[in-house]
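Each chain carries a letter (A, B, C and D) given by its place in the written order, and its residues are counted from 1.
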Amino acid sequence: MTAIAALREEVADLHRELVRYGLVIWTAGNVSARVPGEDLMVIKPSGVSYDDLGPDAMVVTDLHGNLVDGDLAPSSDTAAHAYVYRHRPDVGGVVHTHSSYATAWAARGEPIPCVLTMIADEFGGDIPVGPFALIGDDSIGRGIVDTLRDSRSPAVLMKGHGPFTIGADARAAVKAAVMLEDVARTVHFAHQLGKPDSIDQQHVDRLYARYQNVYGQ
Amino acid sequence: MTAIAALREEVADLHRELVRYGLVIWTAGNVSARVPGEDLMVIKPSGVSYDDLGPDAMVVTDLHGNLVDGDLAPSSDTAAHAYVYRHRPDVGGVVHTHSSYATAWAARGEPIPCVLTMIADEFGGDIPVGPFALIGDDSIGRGIVDTLRDSRSPAVLMKGHGPFTIGADARAAVKAAVMLEDVARTVHFAHQLGKPDSIDQQHVDRLYARYQNVYGQ
Amino acid sequence: MTAIAALREEVADLHRELVRYGLVIWTAGNVSARVPGEDLMVIKPSGVSYDDLGPDAMVVTDLHGNLVDGDLAPSSDTAAHAYVYRHRPDVGGVVHTHSSYATAWAARGEPIPCVLTMIADEFGGDIPVGPFALIGDDSIGRGIVDTLRDSRSPAVLMKGHGPFTIGADARAAVKAAVMLEDVARTVHFAHQLGKPDSIDQQHVDRLYARYQNVYGQ
Amino acid sequence: MTAIAALREEVADLHRELVRYGLVIWTAGNVSARVPGEDLMVIKPSGVSYDDLGPDAMVVTDLHGNLVDGDLAPSSDTAAHAYVYRHRPDVGGVVHTHSSYATAWAARGEPIPCVLTMIADEFGGDIPVGPFALIGDDSIGRGIVDTLRDSRSPAVLMKGHGPFTIGADARAAVKAAVMLEDVARTVHFAHQLGKPDSIDQQHVDRLYARYQNVYGQ
């Protein structure tokens, strides 16, 4: 199997994770993966039901969003994904959802404070807010890249819109999207009945270092 | 397959989407489709479990709600659907649910403000509230039609009752019902901890135009 | 099949509805059915997982909770069910859950106000609160019967405990439990951001009469 | 089948209960079981997807967390589980999750008050909060053991982190984790719209005694 065929399968599978964790409805949301060593990416087609997102439905574009392979028009968020890949060579996967709790923080333009060890582990601090940006040019992509430049967080809450997450590969970006919604929900609940303490910066640093380097196999 | 047989199947399938997205419980909620070119509609029977809603259970009525074909009594909301079809020739599908978040806004009689790009995309502005109306005559149908006349929104929140959505066909009306509950939930969460900014009207207009014309295949 | 064998099957099936609608966890909650024309009831065994609740696991007791048939000890709530059957000959089914939203109203000892047409339809007015009562004697059963005597509601919120629902048969009692949690949730949401208007008594009466007499097949 | 092989299967099965009840996401959370009569325990491997958690993936360690059998690195929470087994010979199972509602109480460092009969039954009083503790040494284990020493509760809410539960065996610890999230949610809802009354201590005592001794088969 070629690298692109394998990525089509992986990206199709990862869309199912968005459904499983309740991060998307109908045709909203999308996952993409950079094709390693080439200026190409694999991304979801626009407006197609999650039931119909097999490997063959996935679309290949260059890193300016021009269609290279596939029968369907690429996601309407393709320009944002492409901008991220062009400006962040370390990023191999991008995910966008409108998951409810993360989007509620995004609607208010309020960062999610680092009040849980799980946030320190995965996000390394507060989860930042990006600018309100219209679809149609590079505004969203630039907002993502500019906001994440000075952060350890793989997630950004785009104001009035919803979250984008990045990762070394598409799976890592999906993991960040899943964990983002989980902590967005838990901190929402915590704030409804009081104000949790933030974790000390030195503890955040130790938790982040350990989780990034020791956790897993 | 005749047009009516195909619509019976489609309407039965679409009821399963209401279940999948958690918009209905027990026997509540209903989808209908206009039979193109005829003064007929296909609608759910009254008080039948979602497990038993195959194509054969669906009912055909005229646009005054009189039974034309089918073994079961039509939905108790048939009069409201029929009124919409009589007064909105552009409408090919109608959906009614009591989905929890949308109904909570309806209980308070409060429109859902356009604070998310997803609301601008699909609803083109705030999602309006219709009057409190009793079942049994044309009050509900008239409330729907009068409220939606001056709105781009395919959804109306009937006061103290629940949402109705419309579309060019039944699938579009179901999509609107799914997206309505999603944004009702997200904006509910956003309001619990603050007050999100509304999106500028010019941005709403651009987002709506793009989503209606460019999105999808 | 004997009446009791059929009821064992029906009661087993109805327990699955409690799971489907998320009204119960682990082994909590129970459904019972009166055996028509006999002083007997069929009820869930105590502390058995929902995965293992086939017809054979169901237990038959008399209307004082004494075991008549079955290999397992009856539900620890058997006395409450039995009291209801002894004092309400019109009741053929009883359900008890700790469903989250209904139990939250029960924890505060606050009735659910009739602010939705769906509440008027099924419950005929506010959903009342019963006394705090300890398990172990007739206190819970008496609390249920005394509270529901002057109400059209098939549901009572036992203070600091959770809901009980009744019906002409077990299926009707389960339906009431499902609808109760749904309206408990929606009215909870509505109250979080404001105060919905109650429906006028005359409208409640008309809605209740129609739903009880016209709705369904 | 050896005792360890049986425990591998049981612990693998119990992880599926965490998924079923929505207590965990991605690879977070873990269950362990003490091997009866030996200074060993069976625990989840670190960072492995719940889809891949068959019996063979489980790991055996001694009660200081050193790997004894298995191909994968043990859970990053192994030290905490091991500490509990060393200091609580009565404990045969330990569970850790970040379930949303319980973790929200943990984020605020607020005990869950005993306002429901279900809390009295299973937890015997308020559900206590343990200290904020960093992963990497015995701090978490010591926090769990010290907090639960003076409580009947099988659950502790570790500040800024999440819940741990214990039981006579792994199944009992999982049951406690499931019931904890359920009551954490219900009491959260109750507090959002008011302040429920606590149950009198004498009633708590009677409910706890009955549930621990009479409930079940």
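Everything that follows uses one rule, which is that a residue touches a chain if its C-beta (ideal position, glycine included) is under 8 Å from a C-beta of that chain, and two chains touch if they have at least 3 such contacts.
Note that the structure is predicted; figures quoted are calculated from it, not measured.
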Angular offset of chain C relative to chain D [C-alpha, multiple of 5 degrees]: 90
Separation of mean Cα positions, chain B and chain A [Å, integer]: 31
Chain centre separation in whole Å, for chain D relative to chain B (CA means): 44
Touching two or more other chains - residues of chain B: 192
Chain-level touch network, classified as line, ring, star, complete or other: ring
In the complex with chain C, residue positions of chain D that touch it: 21, 115-118, 175, 178-179, 182, 185-187, 189-190, 192-197, 199, 203, 206-207, 210, 214-217
Contact set on chain C toward chain D in their complex: 25-28, 45-48, 72-73, 76, 98, 100-101, 103-105, 107-110, 132, 134-136, 160-162, 188, 191-192
